[in-house]
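Every chain is named by a letter (A, B, C and D) in the order it is written, and numbering of its residues begins at 1.
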Amino acid sequence: MRKIRYGMVGGGPGAFIGAVHRMAANLDGELELVAGAFSADAAKSAAQGAELGLDPGRVYASYTEMAAAEAALPGDERIEVVSIVTPNHLHFPVARAFLQAGIHVVCDKPLTTTIVDAEALVAMAVERDLLFCVTHNYTGYPMVKEARERIGAGAIGELRKVIVEYSQGWLSTLLEAEGQKQAEWRADPARAGISSALGDIGSHGHNLVEYVTGRRVTRVFGDLGTVVPGRTLEDDATVLLRMEGELRGVLLVSQIAQGERNHLRLRVYGSEGGIDWVQESPNRLRVTRPDGSEEILWRGGALSDSAAAHTRIPAGHPEGFIEAFANLYRNVARTLRARSEGREPSVTDLDFPGVEDGARGVRFIDAAVRSATLDGWVEMSEVGGG
Amino acid sequence: MRKIRYGMVGGGPGAFIGAVHRMAANLDGELELVAGAFSADAAKSAAQGAELGLDPGRVYASYTEMAAAEAALPGDERIEVVSIVTPNHLHFPVARAFLQAGIHVVCDKPLTTTIVDAEALVAMAVERDLLFCVTHNYTGYPMVKEARERIGAGAIGELRKVIVEYSQGWLSTLLEAEGQKQAEWRADPARAGISSALGDIGSHGHNLVEYVTGRRVTRVFGDLGTVVPGRTLEDDATVLLRMEGELRGVLLVSQIAQGERNHLRLRVYGSEGGIDWVQESPNRLRVTRPDGSEEILWRGGALSDSAAAHTRIPAGHPEGFIEAFANLYRNVARTLRARSEGREPSVTDLDFPGVEDGARGVRFIDAAVRSATLDGWVEMSEVGGG
Amino acid sequence: MRKIRYGMVGGGPGAFIGAVHRMAANLDGELELVAGAFSADAAKSAAQGAELGLDPGRVYASYTEMAAAEAALPGDERIEVVSIVTPNHLHFPVARAFLQAGIHVVCDKPLTTTIVDAEALVAMAVERDLLFCVTHNYTGYPMVKEARERIGAGAIGELRKVIVEYSQGWLSTLLEAEGQKQAEWRADPARAGISSALGDIGSHGHNLVEYVTGRRVTRVFGDLGTVVPGRTLEDDATVLLRMEGELRGVLLVSQIAQGERNHLRLRVYGSEGGIDWVQESPNRLRVTRPDGSEEILWRGGALSDSAAAHTRIPAGHPEGFIEAFANLYRNVARTLRARSEGREPSVTDLDFPGVEDGARGVRFIDAAVRSATLDGWVEMSEVGGG
Amino acid sequence: MRKIRYGMVGGGPGAFIGAVHRMAANLDGELELVAGAFSADAAKSAAQGAELGLDPGRVYASYTEMAAAEAALPGDERIEVVSIVTPNHLHFPVARAFLQAGIHVVCDKPLTTTIVDAEALVAMAVERDLLFCVTHNYTGYPMVKEARERIGAGAIGELRKVIVEYSQGWLSTLLEAEGQKQAEWRADPARAGISSALGDIGSHGHNLVEYVTGRRVTRVFGDLGTVVPGRTLEDDATVLLRMEGELRGVLLVSQIAQGERNHLRLRVYGSEGGIDWVQESPNRLRVTRPDGSEEILWRGGALSDSAAAHTRIPAGHPEGFIEAFANLYRNVARTLRARSEGREPSVTDLDFPGVEDGARGVRFIDAAVRSATLDGWVEMSEVGGG
């Protein structure tokens, strides 16, 4: 098995998500980090590269330099895929630069800060036939896949109601004014875009509910609020949803649910039962039944092929966030390996969120913000989606 | 200690809620059932009276007969309070009849099916100085009282967000067409009023959130849906809320959340922490804290005076729904006993939902339904509330 | 329906368990308290009687006086059954007095403090054909009955292992030296008997495991310890068990598991699955399955006739300790009513722990204590049981 | 940062634990797999090496060949540490071979199948000053470290009681007769040693309780049983414990707790509170308090330095089994790197179970088996421990 060579943009000293991407890529031993532009500060980038044991010649001070230099390397040396883990506003220019260089992309979410940019990336990726994964990582959890499989197979009957909630409390104070790096850029429209809570976590909820139900959001009513005084963007939102087939839904997000860590919970109720998944206990899937009893399914048990293919260890030995995230990287690596060997990737290999999913997330944020401004329902088709 | 004499209207053979009211009244041995009009069917009423060991002379075939007959009895024989456990549309005429007869009232919720009726009862109760309890029973749980006390004392800081959910699955099929008695009248506008889910369980959620926060709902946006084909009234609703002080909130109710039993959950987040209470595990109160740790408080532990005053047995021996319900009856009994003895009832004695609370619930239902019709926000003040 | 007249011995001001018995007897309205000797202190007894609204003529200063006076009343006036809620050492003389007076008995556990006394009560009850219920109340929970039904029906296959644990923390300090009444008598061999933890809560565990499995304990190895300095009786014990059919088991009890409230948990594993019940969440029964998934059953759902017959309200509205306790009283009342009407009581009516169950509990305590002294296994047959 | 070079013995196609060790070593990017003898079958070993992308010249057909060949390589090429993931009976000869070759060792548990062999390895490792890690991996969980820190700091007062349970159901049938590889060797005394349940999972329980309390087991009483007909070794055991300071304890293990996955739970009760940790929800630590309330601590929160140093991602994003396992590998790697750079390893670097811990586990198994044979308590000092 050949390891896939990848590079990283962002993820310098102290960045949370860059380290997560690297662990996710490490876990299965199917990728190898060989290059990076870890910071716009050359010294910091170099320090990070050294810490990671990289060849200093492939540690760059900027993504433009990196894209150019890597593209100039022989095909069996240069990175095959780049991982973009910068603040939101850089996703677009960085992704564009690497796509232009013919390099595949893994990009953090939200894909971009505007619909126009998102659509440009979709077009470029399609045109150049480059793989583009957006790390809506929660769909990498095996029990999320189990939920999707069951719903797809009709196990809970006709779908009737979805509730997706992602509540956090970490922005309960004006943390962005205290120099906390993560809070700072997320609260700054210039770097985060038009939204904070919806962009950062609402887009995950949106992706999760579309993935599991197999239906798209068609209409939204957004009730957005900025609760902490002094803050610019919304830190709390409830979005009423309609999905294909007039499926009713609600998405709740908050960054001011004081004390909550990452309370992401998805429920889907159908005519014959329901599913209930909570990210903080991800190895477990609760299935409700018409007689009021419940079934608790556990990762590693007798589950669907899809869940099994994204599971590494037996039931009762918990897997977590990194393993779910690693499923995206592993599938990207296998898809690239299949392509490089002239094979067709398997359905499992291709099971990761793509650029179109990412673009729909951007449209969703836009529609919810627009709805809040208009104080009325907005059709996704009005913002290019649906 | 003298037992308070009470009578019952409704609660004949097979009625769920009547039996609950009787057990609640029995539990503490502070009330005694001495009369009843248990059914509009005289034979059924008599049978129920016999089953309960009542004097046949005080088992009536109609509430009008009962009100008249009881009023004619000597003061130390006639019922002091009547318990009304009929379908919704009868609450008003029955309550009016007993108020006119000078008899105190305990009435199931929603108080009435129209705002006009609700306001008439408020006026009558006030004018005649009669006690009127509406059985929004969930506020009888000790841990709900603990939540209220803590919030009132500032334990979670400034309030920022409430989420109250009451999800059931029992109306996932068109049960009302199958002759199920409970479903039948709740689905019939002539008996249930303008709402099903909101009237039956949404009014509980509304009362709970007002009780615990000490704030009133001021503005609503209702998204109501009728999911099961063939049904007349809504069986699913999300209501966006604003409460006094521009407190943001959401109320979710459903009768088609297939497999859910009585998933009533209340969360209130403040600047310094949050509280989380789930009715199906009522002895437990989860308190979230800014550092992401949690405190789990248990009924019977070292809690507020209010929680302690509504608790019967030590921590670790669970109390449930009936005990919470009994707290309403016990407090009503003690208030009546105090009044009959010329004493001032204590704050604890008076801690039960009154006719004004019930009326606000009716206005809330009206406002939510109106909002859904208008597809816009409705101020509670527009419907007589706020 | 005629109410059964009962009297109470013990349960004066401040006594926890007397109040529980009264609420349990009140709940269903099938019994009526008409007499009592609530305290050996005549004034306290009278005060308690007044508080309960009893006829002062039937409030006694001693149980001997009460037994004599009640026996002298006409058959349709005197108490039909007495409830004994005194400290352990009085169970025997009180029960004997009432049995001699021809009055049925409900007695708290452990039945007596010696095997000889227990066997004397068994003999008297049998000889006089008097009903004798010992309040091993945990078997009154509907989900415990569901577990027994399932196991009896072979749902988990051949039984292989039982684990029963009852951990409390309330005696983590030398509470008995601080004048706490409950702790005081339980720690005093003259009143509690030869055991504290095993007598108070181990006897419940023993009863529960025998009830649910339908098998008797045949052999024990007791590891008893007195952890808190200054204490006389054991406050912590592990008892290795063998039950009929060489079923392996363990019983763990503690009064020094600091912070635990009433952590009573029963698990039974068989060849085809297992059951897991936790008293602090009593409405729920976890069923384990060979594939590692679980089923969660809820009281009020689609359960066995036995569970359903001991359930009052629908699933999702929790019942608790008092309701379970009330199941014993209700069944005793119905059995007595059937007998008084010349009918055969139903299987459900007879489903309460009897004097033989209580006697086996006493023998179990004795065998475990003896085993600890001998530091070896003790056969139940050596202490008259098995 | 230089990657530590490691090799592996065992872990060929289909082996569960070998893959876990490799993922654990991969996660943090601090080690690199460069050699292996993955199977006694040369073709299988080669296939596994190819699958892992190893240089075929360093994939061996036997561990003896591997030890010799690696020892002959230059110091900056040969493996620095070997990971032994074979069935139990090979741990000793393989470890001995690599220690003799001057190569550090990571070895799966139990260390050996006899005390003599265990002591020989202890002596060799000490004499040659070679690092020797035994993968009692559960102590790698951050919340286990938090428990140890709190207990060490006196947070729960004087220790009074420990309960450790590891229940599995996977051997509820005679799986070893059906050709299931994992079951086969564990059930075969020639490969597993004198014990099945105690050796496989009881040794983990023993290590966990000693690690968290900081005390050693001093005395045991073992109640071992072979429940499934046709089986040779015990599949269920309860071991009564005494630890230093006469601390009372119980260890429960089972492989026939039908339906349980890996129910490993540790509780320690002290005079001021208790801790409760469950491996299937490893990010959570329940702390009981004298007033009956509880505190729930979460990995990633405001915890001890030790917990924080073994945590990779924020609270609310779960870590699992692989991350805990990776903590052992990471610490071994850091210790080796420090040694190779002439630095003193930090306390954190050295926080992994050593050969002495492994040897104590072997003695514990021996003592428990001996106790069951003698039907009496056995002092650890009698088997060379204590």
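Throughout what follows, a residue touches a chain if its C-beta (ideal position, glycine included) is under 8 Å from a C-beta of that chain, and two chains touch if they have at least 3 such contacts.
None of the values given here were measured: they were computed from a predicted structure.
Chemist: Name, by label, each chain that touches both members of the pair chain B and chain C.
Modeler: A, D
Chemist: Using the contact definition stated above, find the chains touching both chain A and chain C.
Modeler: Touching chain A and chain C alike, sorted by label: B, D.
Chemist: Of all the other chains, whose mean CA position lies farthest from chain C?
Modeler: A
Chemist: In whole angstrom, how far does the Cα centroid of chain A sit from the Cα centroid of chain B?
Modeler: The separation of the two C-alpha centroids amounts to 43 Å.
Chemist: Hey, how far is the Cα centre of chain A from the one of chain D, in Å?
Modeler: Each chain reduced to its C-alpha mean, chain A and chain D end up 35 Å apart.
Chemist: Based only on mean CA positions, could you tell me how far chain B sits from chain D in angstrom?
Modeler: 56
Chemist: If I count partner chains per residue in chain D, which residues reach a count of at least 2?
Modeler: In chain D, residues 260-261, 292, 294, 298, 300, 315-316 touch at least two other chains, as defined above.
Chemist: Residues of chain B touching chain C in their complex?
Modeler: 1-3, 16, 19-20, 22-23, 26-29, 33, 50-53, 168, 260-263, 279-283, 298, 300, 312-323
Chemist: Which part of chain A faces chain C closely enough to touch in the complex?
Modeler: It is residues 291-298, 300-302, 315-316 of chain A that touch chain C.
Chemist: Within their complex, state which residues of chain D touch chain C.
Modeler: My answer: residues 156-157, 160-161, 163, 169, 172-173, 221, 223, 225, 227, 236, 238, 240, 248, 250, 252, 254, 256-261, 267, 269-274, 287-290, 292, 294, 375-377.
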